[in-house]
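Contents: one structure, followed by commentary.
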Amino acid sequence: MSDARAVIAKRVARMFKDGDIVNLGIGLPTAVANYLPEGINLVIHSENGVTMMGPKPLEGDEDKDVIDAGGRPSTILPGGACFDSAMSFAIIRGGHVDATVLGALQVDKNGNLANWMVPGKVVPGMGGAMDLVVGAKKVIIAMEHSTKNGEFKILKECTLPLTAVAEVDWIVTELGLMEITKEGIIVRELAPGITPEEIQAKTEAGLIFPENIAIME
Amino acid sequence: MMDKVTNIEEIKKSVTAGKTIMIGGFLNVGAPEKLVDMLIEKDMKDLTIITNDTSFPGKGPAKLIERKMVKKLICTHIGTNPETGRQLNAGEIEVEFNPQGTFVERIRSAGAGLGGFLTPTGVGTLVAQGKQIISVGDRDYILELPLKADIALIKAWKADRMGNLVYRRSARNFTPLMAMAAELVIVEAENIVETGSLDPDEVMTPSILVDMIIPGGYENE
Amino acid sequence: MSDARAVIAKRVARMFKDGDIVNLGIGLPTAVANYLPEGINLVIHSENGVTMMGPKPLEGDEDKDVIDAGGRPSTILPGGACFDSAMSFAIIRGGHVDATVLGALQVDKNGNLANWMVPGKVVPGMGGAMDLVVGAKKVIIAMEHSTKNGEFKILKECTLPLTAVAEVDWIVTELGLMEITKEGIIVRELAPGITPEEIQAKTEAGLIFPENIAIME
Amino acid sequence: MMDKVTNIEEIKKSVTAGKTIMIGGFLNVGAPEKLVDMLIEKDMKDLTIITNDTSFPGKGPAKLIERKMVKKLICTHIGTNPETGRQLNAGEIEVEFNPQGTFVERIRSAGAGLGGFLTPTGVGTLVAQGKQIISVGDRDYILELPLKADIALIKAWKADRMGNLVYRRSARNFTPLMAMAAELVIVEAENIVETGSLDPDEVMTPSILVDMIIPGGYENE
């Protein structure tokens, strides 16, 4: 994992309280589980029908019937439960998940999210993302601040097909921690050495900088 | 590891806000007798009770009816409890009857974050009155809306300390759905086992839906 | 059980083929299970969440968690399964039950059924009846032909609040076996010694008598 | 006692009418490999396949895509199978994407005899296009319609001869719902046990939903 991605995963990992029920998306969000502070144990919900999903198994200990939502071998911790997909998404849509952490192609100042297709190019499909974003009590976007080509990802208005409207609550990038409110995107923390001018220059949407902005650890 | 096992006094303290209460059970099988008694000890009034039937005289939810604690009853059938029928005919209680499939599906719908569902059941009957009819293909359906509660009082056969639940035989009935559809889910468990001792495939209600557990149930009486 | 009721239960018991999935209502319909011909084994579905429900247990063998839909102690035969009420009614409404046998207050020539309330008098509620009648592939009404006071129960048009519209397929009474069709109610069998005139005199709806009417055994 | 266990030749004969086929599994976990091979051996064409994803190259439903047997795919995600994406971009296959919660709920809705359901998922997105929007209270919902199939091909961990099924761990996923929503339900079971040897509470799909069973699955390969 790159430094940027580790910084993001670490910060997201401090956004939970002990016992929170959390669904972690594929990729960077999954890494969050590796950085949880001591004393913070999450109940990880995996949309393929598992609670208390654990870390990846040791080599040779894989169970053919236990995978995470990305298809990789996984484990189930004590206290875990298995259920079918209708129940899994009832849990998601029914508001029984405290938080979901997902990646994004684009987020905008109204909390809109686009992360499931680029028309004419890549169309992987939305999988469980649309339900997770609508159903989870708190939606946290964990992503690198800009694309590899330096394009904006935090926009005034998403240009790609939306995953959901006005559902994103937080954005965590390697540059800072941002909260999406009715007033717009408020910068709550800045990565060490990053100035308001620098993060704004890499963000299409206008950012709000309150008086007290903490340093992102 | 989380431990949701507590005592009846703590539960009494928690049951304050809200008076819409779901109670599991089908003709008292699967009904949480001890938690019903808790409501009686608290002497709650003007309750809205959501339960399939009102059991038999002197048992489970019937005790709340007999003590006139219930203002409104949402159910499917009251034929086994003459006192509920008497109060209904005397205008002492409001009773909303739902077809049983509609009743349980409305509860599931609330727990699953849906806005409702289309059912063919009840089309052309009193049940359809005041409800939206939607045609799909060549068939008419009633749009039925979610049914949720402030509190669910349920019984499990086994609970681990974290709140994973297992039910037994026909005592399962409405309980797994009610566990999804209330703000506060309180379990009376016949057997409490250590977390990790249940097989994940055996669990019928995952721990994340459960808030509080007390020992109770038939086997502990 | 009265002779009339035994006659009805016996006739209904011969309406199934081996392996049929059947839901039997409370009262007379339940008695049908006692008269199944040899070689005909039904999969009894009980709406409180059981398949392969068996006969009542011997005294002392009752299981507190196994009852039938009428609340009486019951048993589960080998091959049985238990499930929650949402699944139970998904099975019913989804057309997975071959036949249901129910009692009635009134049935009419259009296949309408009334069996859940008498306004101002008895209002027990519909329980699972409305779903069963809408969902089962075949709806068989098993009842005595007239009320205790000699009033018609098979009508031109039901006067009590309906349970369902145009869902009844068969009526079995102590006087005969009737099929409800688009043309009206066709008498398929008559009880021994019963004439067309006698059954018609006890039936408000006009009955259709085809050339060949068998004797009901 | 009913015995639904048969052989692959009998199943080949039965799979004739209808070309809309559900296939269980999430990224191939829970996918009925042997029954997919049966479709290949029959060399079926122009299939409509309903399955969550198209697995990984060379596995499960992916094999049908690779052999160009699929005209239309109804799914939630194809990111793990580049060939599906290629056929989509080349206009060689029609793909209908559903949000995963909508996908499984549509299947359940068909199996449960409902006319559809209201979901908040997808409101304001491409998913809502061409669908009815219904407001309940202050919230908009999409009316999603049932999704059924002629045939369901599914895998179980254990099956008794009568057709009661048990799944294991995350291999359960979509299978219990698909078992409700197809005219003909065919099971590939890793273990076949005598009727009566399963505990009624252990059963996840009751026998009445199942038509045919063959031994198969990973453990028998």
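First chain written, first letter: the chains are A, B, C and D, and each begins at residue 1.
Here is the rule we use: a contact is a pair of C-beta atoms (placed from the backbone, for glycine too) under 8 Å apart; a residue touches a chain by one contact, two chains touch by 3 or more.
Note that the structure is a prediction, hence the values are computed from the model and not measured.
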Shortest walk length in steps over touching chains, subunit A through to subunit C: 2
Which of A-D and A-B has more C-beta pairs touching across its chains: A-D
Distance from the mean Cα position of subunit C to that of subunit B, given in whole angstrom: 29
Euclidean distance of C-alpha centroids - subunit B vs subunit D, Å: 32
Inter-chain centre distance, subunit A versus subunit B - centres from mean C-alpha coordinates, in Å: 35
Subunit D, residues touching no fewer than two other chains: 105, 108, 112-114, 119-120, 167-169, 172, 200-201
In subunit A, residues with contacts to at least two other chains: 50, 76, 82-83, 89, 92-93, 134-135
Graph class of chain-chain contacts, one of line, ring, star, complete, other: other
Chain-to-chain touches, reported pairwise for every pair that qualifies: A-B, A-D, B-C, B-D, C-D
Parts of subunit C lying in touch with subunit D, wherever the complex brings them together: 19, 21, 41, 43, 45, 50-52, 76, 78-83, 89-97, 134-135
Contacting residues of subunit D [partner subunit B, same complex]: 105, 109, 112-120, 134, 136, 139, 141, 143, 145, 166-169, 172, 200-202
Contact set on subunit B toward subunit C in their complex: 26-30, 52-53, 56, 75-80, 85, 88-89, 95, 97, 99-102, 104-105, 107-108, 119-127, 157, 167-177, 204, 218
Subunit A-facing residues of subunit B, complex: 1-2, 108, 110-114, 160, 162, 164, 180, 195-196, 198, 200-201, 203, 206-209
Residues of subunit A defined as touching subunit D within the complex: 46-50, 63-67, 70-71, 76, 82-86, 88-89, 92-93, 120, 122-131, 134-135, 161-165
